[in-house]
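Heads up, the next two complexes both have subunit A, just with different partners, subunit B and then subunit C.
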Partner chain A sequence: MGKDRLLDVLERYEAVIGLEIHTEITAANTKMFCGCPVAFGGEPNTRVCPVCLGMPGALPVPNEAAIEWTVLAGLATDCDIALWSQFHRKQYFYPDMPKDYQISQYDLPFCSNGMVDVEVDGPGVAERLDLDGDVVADGPVPVVEDGGYRVPIGITRIHLEEDTGKMVHVGGSEGRIAGATHSLVDFNRAGTPLMELVSEPDIRTPEEARRFAQKLRSIWLVLGVSDCSMEEGSMRVDGNVSIRARGQVEFGTKTEIKNMNSFKALHDALAYEIVRQADLLDAGEAVVQETRHWDATARRTSGLRSKEEAHDYRYFPEPDMVPFSFEPEWIASLAAQLPELPDARRDRYIAEYALPKADAAMLAADSETGRYFDATVEITGADRAKQAANWMLGDLAALLNAEGIAIGDARVTPAMLAELIGLVEDGTISGKQAKQVFAEAAETGDAPGAIVEARGMKQVSDTGAIEAAVAAVLEANPAEVESYRAGKTSVIGFFVGQVMREMRGQGNPAVVNEVLRRMLG
Partner chain B sequence: MTALDLSALSARQVRDGIARGDFSAREAADAAYARIDALDGEVHAFLQLMPELAYAAADRVDAARAAGDELPPLAGVPAGIKDNMNLLGTRTTCSSRMLENYESVYDCTAVRRMLDAGALPIGKLNMDEFAFGSSTENSAFGPTRNPWDLERVPGGSSGGSAAAVAAGMVSVSLGSDTGGSIRQPAALTGTVGMKPTYGRVSRYGVIAFGSSLDQIGPFTKNVDDSALLLEAIAGEDPRDATSATEAVEAYTAAVEGGVRGLRVGLATDILEVEGCAAEVKQSVLDAAEVFASLGAEVGEVALPSARHGLSAYYIIGPAEASSNLARFDGIRYGHRADDAEDVLDLYMRSRAEGFGPETIRRIMLGTYALSAGYYDAYYGQAQKARTRIIEDFRSAFERFDVVLTPTTPEPAFRFGEKSDPFTMYLNDFYTIPVNLAGNCAMSVPSGLCSSTGMPMGLQIIGDYFAETTVFRAAAAYEAALGFDTTPPLVRALAR
Partner chain C sequence: MAITEADVRHVAMLARLALTDEQVGALTAELGALLGHIDELQHLDLEGVQPTAHPLAMTNRTRADVVVPGLSREDALRNAPDTDGTAFVVPAITGGGDAS
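Showing the complex of A and B:
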């Protein structure tokens, strides 16, 4: 399915999308209702105890840190924080759920009624067809701004619950239950604190869905609430999607899409599903309300084929815990602890350093990167912030990517990067040399100044030395001198190369150029 | 054969006798097992005996005494444990096929505290399956018989705990009380049973029936022992989020306080309930007279919403139970059906095979009451009734220190007599409102029924965390009444 098919469909149909985003509170260290550690993987059933195994008579004790993290997440997304809240039991039988009920929240979530701004730029803007205001849609109205648009997406609620264990189906294909001969259960994950965020059906395009999920991920990362790994499943995004004819007010029949394990998968799965639903409607068929599974290899969604009965979860208040009553002062004290959030940081970088919006947003997307940038600029000064940004988004980003490490683990520290920028700016080394110094510093952890010293890389700006080198080159290449003087000025590049070779790369290119033109002319 | 007779000694006397060197903790254990040998073939109070654990505990007590150490408050006291409480090294069956072979993987807090106070874990006691019942007839392993009359039930669900104390097989035992499961069997067996305030004793490790109703409490032969055992097991537990943070009072010190000036309320309106035997009613009126004669200020109190207790309880209790029992699914532990076709088949057959009829009835009741479309009409209404009952007690305790009712409408009935579940449920009419409100209450013997010779019980209800007051009232009444707690079966042994 090409992108054009989606755009074609969106000409006639409007998509209505809501997301459910589950995030494990990996920052909580221990599970939601017991003292077992929170971690990924490990030998099956080694991080378990009577509570998270649902052994008879064991009781849950709420993890206060996890509740605090959830309230912080709510505060960071403009939610109302409940003064009175409680857990409910959500009841259904499944082998990955030790008690055969999940302690979750029902009508009294910790956080509700929030909102985040989502910015869309680049090719994804094309998916939003009502920017000119011609097509009337309900839901939030996008605001057109430089190179794209911004739209507020509502958050219905953020509640806290416990994660389930993991099933491994043995004997079938690809670990799926179909054809499996038996199943194994690993309860290491069972009881991990899990935040569930439910968005309003305010999202109108797959690109907005992706941007919304990315925005939330960056907020969670800045808060430090979770490592938000979509591969390891600590952040999981499910989507509800329906389509309706442009101008129609009633919602169409929705499907729920699961197994979207990356932001790209989220976009592509929703795009596929919109086109699939449009094809059904175009053919006069009905969309069936069901849960569908995204297959990233086959690049399509498929129904889970299980008899999807309407679940009655028989929610009722969890009697093993007393309800929570929060003081407004406590909530205010948490609000005061909120770190600078990505949007605010991005806007500050634009205002203070005149960075391009996209660059600023990337630097502000997580606190480690933001802190690195701030620390670098602290040393270089604001007038070299742009260079710091270029280094971080260029060589440093490439290095981190190649080595698969976090910015905090890079051998090149903010102080070293600032030093390197200073060496370029005061003309000690050329930009090309700086790249070599960076690479060496990244490998050895040596200070850029020391590397320059040790390698004798100091750029020569001394006019006398350059004049001597230029004189030698001109003397050795009379034919080229002749053609330059005859008007073929493009040979200047040849002379620059020769002079630089003569000077073993250490000549200041700007000065070399100037001296060449003077002595040739 | 040892000369020690646990029927003739209180728990305190056993402990003090060991401390003095009159006899050893080993001899106390011997006495318990000898009595079990003699009578439990008929009574069937025990599901499991733990002589290794009991004698190891006895040896620790005897060694401590030999070393001249101060002995803890329950040192060497033979104790029984209702079989819904976990203890490492034991099976915990809840009298169910579902858990017939289930071995505990950790200790119940209350049991641990009782054993840390020096008690000897003699054995695990029979009960109605998962505590659903008032007669132990719902045990998958056969009923317990009442030591006062082997043709009659000992009450339930903690019938084994009651019978073992009544028959002198142990000095004390632990039971659990969700709607009367301690107080009702205590009344039916002439023993003292205490249901503490909700939250007073940790629920960690007792297999849950109704999480908002369950409390563990002591069975003893007298009020002083009850205070002694509650003092040992009560208190905050970080493993139970509903356990109370209030400090545990010195209950035993309060027992001798007397009732002069105590405001005693007689719940007259519910005395007139249909099915309350005339003699039971009279015993409560007599008890009021006893309190008045001891200097208490006796008045009348109404509990108008108590009548709704039974209906509310049979929604809330089963609703919570249906959820709490979901985990018995055949996946991780407990009974698992053979050759299941798929996971749904495994669930359905394991549960159908593992659970008895009353358990299945409660699960179905509770599942229905929580179902979409019925929740407000059942669970919601029941919660409203519960709030009204809480308000009844609140206003009662503004005027009174304790409230008197019968523990049960009638003394022990014969096996099979109450085959209709609803008439069985009526047996808990007086005890259920207390669980719904969360107050503390105890049952103390109030005499023998003249026609049957069976014991009757007086229920003394107290305000939240007013256990001290309840013990004080109960001790004064007990002393005035002078009830002999020894059943004929035991007297016949002595000959």
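Showing the complex of A and C:
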């Protein structure tokens, strides 16, 4: 399915999307209701106890840190924090959940009524067709701004619950349920604190859904609540999507999409589903309310073939736990601990350093990158912040990507990058040389100044030396000199190249240019 | 609010209880009597009364986020009907469950 199909469908239909985002609180040392450690993987069933195995008589006790992390997450997303809240039991049967109920929250979650701003730029802007306001939207109204738009997306609630165990299906193909003869259950993950965020049905395009999830991931990372690994499943996104004719007010029948294991999958699965629903409606058929799985390889969603879904969870208040009564002072003390959040940091970079918005957003998206940038600019000074940003989003980002390492583990430290920027700015080396120095520093961890020294790379700005080189080049190329003087000034590029070669790349390009023009003219 | 046999069968299905027709009949009467008792509450004026969240007048019972030793894997698997020595072995799933 091509992108054009989606845009074609969106001409006629408006999509209504809500997301459910589960995030494991990997910052917690222990599980939600017992003292077993929180970790990823490991030998099966080695981080378990009577509580997380659901053994009769075992009593769960809530982890205070997990509750604080959830309240912090709520505060970071403009939620109201409940002064009165409690856990409920949600009953259903599945082998990865040993108690046959999940301890979750129902009508009294810790956080509700929040909001985050989502910015869309680039090609994804095309998916939003009511930007000029000629179609009346019943959701939040997008605000057009430089190269894209911004739209506030509502958060219905964030509640806290426990994660399930993990199952491996044996006997079928590729660990799938279909054809399996039996399943192996590992309860290491069971009981891991799990935040569930439910958005309002405010999202109108797959791109907005992707940006919303990315923004939340960025906020969670800056808070430090979770490592948010979609690969390892510590952040999992499900989507509810329906479509309606443009101008129609009533919602269409929705489907729930699961198994979207990357931001790209989130976008592509929703796009596929919107087109699938439109094809049904166009053919005069109805959309069936059901849960569908995204298959990233086949690039399509398919129904789960489960019998009629009975979402009859029979919630009731968890009798093993007493309710929570939060003092406003306690909530305020947590609010005071909030770090600088991505949007605030981005806006500071724009205000203080006049960085382009997209660059500022990338630098502010996680704490480590932001700290690296701040540390670099602290040395270079604000007037060289742009260069620092360019290096970080260019050569440094490429290096981190290629090596698959975090910015905190890069051999080039903020101090080294600042030194390198200084060497370029004071004319010691050219921009081209700087790239070589950067690569060598990344390889060896040596200071840029030392590399320049050792390689004899210093850029030559001395006019006398450059004049000598220019004179030699002009003498060796009389024909080109003639054509330049005859008006073909484009050969200046050829001369610059020759002079730089003569000077083994160490000539200051600006001075070389200037001397060439003078001596040719 | 009268409870019907269909309600009883539905709840039994949700709770994975296999009931005989006789049991359904008996339970319909018993549950009906229980709900009839609850029904009396509906006639009271409960305007402004907070729901009882818990019979104990306590709040905010939590534990510190500190690791405590759990079970050895051997002990964890000891009472399982079937294991492979590392994991609980369960029959193949044929649907009807849920996951969140």
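Rule of thumb we're sticking to: the second predicted complex is superposed on the first by the 520 of 521 C-alpha atoms of A that agree within 3 Å, B and C clash if a C-alpha of one lies under 4 Å from a C-alpha of the other, contacts with A are read in each partner's own complex, and residues count from 1 in each chain.
Methods note: a contact is a pair of C-beta atoms (placed from the backbone, for glycine too) under 8 Å apart; a residue touches a chain by one contact, two chains touch by 3 or more.
Because the structure is a prediction, the values reported are computed rather than measured.
Enquirer: Once chain A of both complexes is superposed, is A:R89 in touch with subunit B (first), subunit C (second), both, or neither?
Expert: Only subunit B; A:R89 stays clear of subunit C.
Enquirer: In the overlay, answer first, second, both or neither for which of subunit B and subunit C A:N45 touches.
Expert: In the superposition, A:N45 touches subunit C alone.
Enquirer: According to the stated criteria, A:S325 is in contact with first (subunit B), second (subunit C), both, or neither; which is it?
Expert: second
Enquirer: Report for A:K99: first if it touches subunit B alone, second if subunit C alone, otherwise both or neither.
Expert: first
Enquirer: Using the touch definition from the top, say if A:L53 reaches subunit B (first), subunit C (second), both or neither.
Expert: Once the two structures are laid over each other on A, A:L53 reaches both partners.
Enquirer: Of the two partner chains, subunit B (first) and subunit C (second), which one does A:F316 touch, if any: first, second, both, or neither?
Expert: It touches subunit B, and subunit C stays clear.
Enquirer: Regarding the shared-chain residue A:T30, is it in contact with subunit B (first), subunit C (second), both, or neither?
Expert: It touches subunit C, and subunit B stays clear.
Enquirer: Considering only touches as defined above, state whether A:G404 meets subunit B (first), subunit C (second), both or neither.
Expert: neither
Enquirer: With both complexes superposed on chain A, which partner does A:G487 reach: first (subunit B), second (subunit C), both or neither?
Expert: In the superposition, A:G487 touches no partner, neither subunit B nor subunit C.
Enquirer: Determine, for the superposed model, which of the two partners subunit B and subunit C contacts more residues of subunit A.
Expert: Of the two chains, more subunit A residues are contacted by C.
Enquirer: Of the residues on subunit A, which ones does subunit B touch that subunit C also touches?
Expert: 50, 53, 61-62, 91, 93, 95, 183, 185, 312, 314, 319, 321-322
Enquirer: Which stretch or stretches of subunit A touch subunit B in the complex?
Expert: 50, 53-62, 89, 91, 93, 95, 98-101, 183, 185, 312, 314-316, 319-322
Enquirer: Which stretch or stretches of subunit A touch subunit C in the complex?
Expert: Residue list for subunit A touching subunit C: 22, 28-30, 34-37, 43-50, 52-53, 61-67, 86, 90-96, 102, 108, 164, 167-169, 171, 177, 180-187, 196, 304-307, 309-312, 314, 317, 319, 321-325.
Enquirer: Would you pull the subunit C residues touching subunit A in the complex into a rising list?
Expert: Per the touch definition, subunit C meets subunit A at residues 10, 13-14, 16, 53-54, 56, 58-71, 73, 76-77, 84, 86-93, 95-100.
Enquirer: If you look only at subunit B, which of its residues touch subunit A in the complex?
Expert: 84-86, 92, 94, 99, 102, 105-106, 108, 203-208, 210-212, 238-242, 319-320, 323, 326-329, 331-333, 343-344, 347, 367, 370-372, 375, 379
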